[in-house]
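Just passing along the structure, written as structure tokens.
Naming follows writing order (A, B, C and D), and every chain is counted from residue 1.
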Amino acid sequence: MTTLVSTAAMRKPTGSAVGVAVIGCGYWGPNLIRNFFDTPGCRVVAACDANDGRLETISRRHPSLTVTTSFDDVLADPSVDAVAIATPVNTHAPLAKRALEAGKHVLVEKPMTTTVADAEELVDLAERSGLTLMVDHTFVYTGAVRRIKQLIDTGELGNLYYYDSVRINLGLIQHDVSVVWDLAAHDLAIMDYLIEQRPIGISAVASTHFPGGMADVAYLTVHFENAMIAHFHVNWLSPVKVRQVLIGGDRRMALYDDIESTEKVKVYDRGVRWSDDKDEARREALVAYRLGDMFAPVLDQTEALRNECGHFIECIRSGQAPATDGHAGLRTVRMLAAAERSINEQGVVVRVNG
Amino acid sequence: MTTLVSTAAMRKPTGSAVGVAVIGCGYWGPNLIRNFFDTPGCRVVAACDANDGRLETISRRHPSLTVTTSFDDVLADPSVDAVAIATPVNTHAPLAKRALEAGKHVLVEKPMTTTVADAEELVDLAERSGLTLMVDHTFVYTGAVRRIKQLIDTGELGNLYYYDSVRINLGLIQHDVSVVWDLAAHDLAIMDYLIEQRPIGISAVASTHFPGGMADVAYLTVHFENAMIAHFHVNWLSPVKVRQVLIGGDRRMALYDDIESTEKVKVYDRGVRWSDDKDEARREALVAYRLGDMFAPVLDQTEALRNECGHFIECIRSGQAPATDGHAGLRTVRMLAAAERSINEQGVVVRVNG
Amino acid sequence: MTTLVSTAAMRKPTGSAVGVAVIGCGYWGPNLIRNFFDTPGCRVVAACDANDGRLETISRRHPSLTVTTSFDDVLADPSVDAVAIATPVNTHAPLAKRALEAGKHVLVEKPMTTTVADAEELVDLAERSGLTLMVDHTFVYTGAVRRIKQLIDTGELGNLYYYDSVRINLGLIQHDVSVVWDLAAHDLAIMDYLIEQRPIGISAVASTHFPGGMADVAYLTVHFENAMIAHFHVNWLSPVKVRQVLIGGDRRMALYDDIESTEKVKVYDRGVRWSDDKDEARREALVAYRLGDMFAPVLDQTEALRNECGHFIECIRSGQAPATDGHAGLRTVRMLAAAERSINEQGVVVRVNG
Amino acid sequence: MTTLVSTAAMRKPTGSAVGVAVIGCGYWGPNLIRNFFDTPGCRVVAACDANDGRLETISRRHPSLTVTTSFDDVLADPSVDAVAIATPVNTHAPLAKRALEAGKHVLVEKPMTTTVADAEELVDLAERSGLTLMVDHTFVYTGAVRRIKQLIDTGELGNLYYYDSVRINLGLIQHDVSVVWDLAAHDLAIMDYLIEQRPIGISAVASTHFPGGMADVAYLTVHFENAMIAHFHVNWLSPVKVRQVLIGGDRRMALYDDIESTEKVKVYDRGVRWSDDKDEARREALVAYRLGDMFAPVLDQTEALRNECGHFIECIRSGQAPATDGHAGLRTVRMLAAAERSINEQGVVVRVNG
């Protein structure tokens, strides 16, 4: 950590493009490359992967790009200002650490790390070095999630009753990561962005159906200090793809259905009127629930990754904290680690700090 | 319990109609009346309710029916062979007990009782008296659930991975019963019918949002001896109505969507091929999941309650045990009671016996 | 027509129930009976059908009802003030005529008659006798159609571009009536209610797929004096059930999907901005279409037939013209007759008068 | 036309990549470029457009590509073996003609031309020169349309009753082409591929809602020698996007819903049993319609344009006729021209030859 550079030094002069290298060219890396190519103010310099075949594919599409199997070469390249890390989860921490130590800004896939300690170290390292550390919590950059954030912040939903999330599909069952660290990472990150209030505990159950495999079906419950309850269903063994979040508030309720091509967000002016009148007849006489209009706000349709790549470059230039900075990454890892511990301890509630 | 009569005496001679009285004329009672009117081999004799206004409505629709506020009169009427009880939950046990003691066959709304002890007493009483005791687990009598039962029993789904159920809507929040005893009663009864294997434990969490109210959002997890996991989401505060069960098997997977007007059951020839090859490249080379055709079997469209009323009359005549007999009612009450205890004890796993 | 009575005589004194007889107890008749039973201010007196089996079913459900195979007896019964005719289409005209001549108010199934001449005769007869003649254009009494009417009348949709209707399903192919007279009768009646402007011509094509049968698939185009165009697709050979109306206006657009259980009406704040700038670049620079919010208004959920039966009784009492009076029935029959003629003449545009 | 070269000369030796230039870099061109980059056996050589800004965007993404505003330069380049034309419709014919005359293979956007005469000339020119002429009827290369073709060809649907197509959305209203030539071009091309039988006539109606604009809503009916009927609804003023084809056969029926993300094709084992028994009671006693299972076959998910680009290269190499060759393009243009004439002549049936 002797190579730490000053913030001032790192901020690009206006007019000069930020040089970006993409590390990992499997499923997600090519999307990063494509979007950085379309991001103004940035120049895609290199792509790095251990697999020659993947690099070849990249070269065919983007013949101008330097491709390399050496992460060292990337770090040594002075034209590389920032790296975007899209490698297997367990390599996030070491690669991100080395990049920060080499004075590069870092955008890292979710989950940021596999342990709380690693996440804390990265956050610390980035802060001390004055470098931008951003986590690729992609959904935070969608028009849908942005609009829901607005609905909550302006009080349109009122006080929240519950937050219920379902993300299930037939998944490529992974060998190095459970469905919790893979899928729930998305959902906890979305909730972390949407809801100001911090959880106090998590309980979770999971099931593993393949010998030597990791959990492929899991249910997480997140507890808060008040009656709000959050729940997450993640599943790699579902024949159908569902991506739904239901948010119940005492003023309005919202449904976020990411499978819908348009109308991804619906806001319902519905609720319950509670009467604690002791007289049953009088109680029933009161209208028991309120059914009002539904509306689906128009949403920004820009590809999330486009917004995100632009935001990354902008944060590098301005020094502002990204919407999904290292702290957001750390909070998400804390929830994931708590869920994992609960699963191992028969669903006991595990406290989440900070 | 001195009035217990012999089985033989109770079985109706062929050709003579079974006299039925419906107790409770709120929301469900009128449906029972309408369906018993259309059931061959039975004669609707009387309707009983404490509320005069409701009886008036019944009289207007069915001027031939005797209406009364006296349950005693119903029990004393020798032309009444059987009673169908559709009253508030906490009255099920005492009313059913008195009816059985008076030598009447009983069809009782779900949940059968509010305590395991009451349920056990009713089962015992019915068996000793040779009377038919049936619980109104309505969904068991739908074409959809019947077809799924067939899919499971014939092995078309294979070994089950999980059973995931969601029943949410904007509900009339009740004062005398929580969302668990109201909604989850349906779902646990459906699972009890579909799956042979018996649960060993239940954990549950819930949230209560109205002062003096009962739980209005709850999540239940049912544990089995193997890796199969069952989960139930019930919610009275949802702006949208969802009634879905997803059943994942290692041969096929089924989706039961009760909101769909046709195609309520879809069977997916989809699954995951698991490779534990240590070589990542070779592992990835194997096709990781199998995507086959989907099919939606044609379903019997008869109204469930029609089937159920016919089945009740038939069981009275033949002495056979109903598909949803007292034992099914008892098993369901056991699960509900376990869930309630788990909710009160921070989600600890509560054992379910029998 | 010597039996014509004066209007004054026919209007029921307040407090005395209107006696109703239902003629035809096939598919629709029992619904009429059930709803008239629940309609205040009316008394269901008799049910009439040529088929004894049907009458038996009615008797079982409503033992208090007089059932008869004689229409004459119904007409002769002084306690019968009004008849609701739900018989095969070709009998509507003669039965309605005789009922009006006997001094009975008439509610008749759609289509009111099979010829324009018959329809004109009924309208004339009812007007001269001061009796209420109402056509069972059921959908006009739904919360959905009522709300759309409001959207149009208040100008929320603006000037209309088009009206596109699809009503298709796997139908009981009828022997005495084509898909046009059966299904399009609904849709033309809905449009007649919703849109003030009267059509000037209709062209239609159809196809017949069974020997000796009538048209089972048809497409109708309704022309107006301006650029508005209306189109109807009716089909008895569709594997799926679709009931959709799309109404495009220059301010907003509405989708009425009758299959949806809630949100049957959706209003889209969408449209096209037209630029006739000759410069292609400048033209493209203008935002070419406007995508705004969607909203789904809450709708009155009362069963349409309940509203309709109540409206019929109310019109009988007050003498006011029903929302779907004989004139509406006549206009609909005129459109159906024009469509039929166009089908027989290779799709030529047939003028619609009045 | 003196430059015509022999077929033999044009067929590429194995091992040598086919050089492709993409003409027109607006909406569709970039998709062609991206897909040709991923097509083995082909080399993307150049991109051509009159607009410098567009070329700049292309260069940023594909820095290796030659970009030019000169079509002449492209034609003069001997490394260009084939051109893919994605320019405004009215330029298709002249550009394709010049390319063929220069000895280049041609892939041209739909519709192939704006007149039947132009289409005939291109077909003739390609045949005489032995060059591959292919029309970009993209949907023909989807897994969905391919699977439906199989369902029809194997007789699984039986004899066809009707073909009903809806393609509506909020469209960029075009100034140089009507909704018929824009949207219906897709649908007529799909039908042309799926159905062997050739139409004998077309009638159509349309409406134009903007001064100086072209038809934005249209309905086309296609007539065949037997009772089969085809119908197309195309609309640029719809608030919702619908892309559905319903194909009714006497054995089974298929629904192709291109908006669905999975299950785009559903096959229904449903139909009508026709009884012409004169006795109504006996007729009704027969089950009037058959409701069987539905199944949704698994579909090839490859991007259509990927398949198409590969097919184009393969046809150039082998000399085989493309699935969507010039003749298919010509047949589609004939139908479009007939529809246009019918629209101008009040919906009269216009004969379609060939």
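Methods note: contacts are C-beta pairs under 8 Å (C-beta built on N, C-alpha and C of every residue); 3 or more make two chains touch, one makes a residue touch a chain.
No experiment lies behind these values; they were computed from the predicted model shown.
Chain pairs C-D and A-D differ in how many C-beta pairs are in contact, and the one with more is C-D. With respect to chain B, maximal separation of chain centres occurs for D (centres as means of Cα atoms). With centres set at the average Cα position, the gap from chain A to chain C is 53 Å. Chain A and chain D have centres, each the mean of its CA atoms, that are 40 Å apart. For chain A, the set of residues touching two or more other chains reads 240, 291, 294. Of all residues in chain D, those touching chain C in their complex are 161-162, 164, 168, 170-173, 175, 203, 205-213, 216-217, 219, 221, 227-229, 231, 233, 235-240, 246, 248, 250, 253-255, 268, 270-272, 274, 276, 280, 283, 288-289, 291, 294, 346-349. Interface residues of chain B, counted against chain D in their complex, comprise 263, 269, 291-298.
Of all the residues in chain D, the ones that touch chain A in their complex are 34, 37-38, 60-64, 240-241, 259, 261-262.
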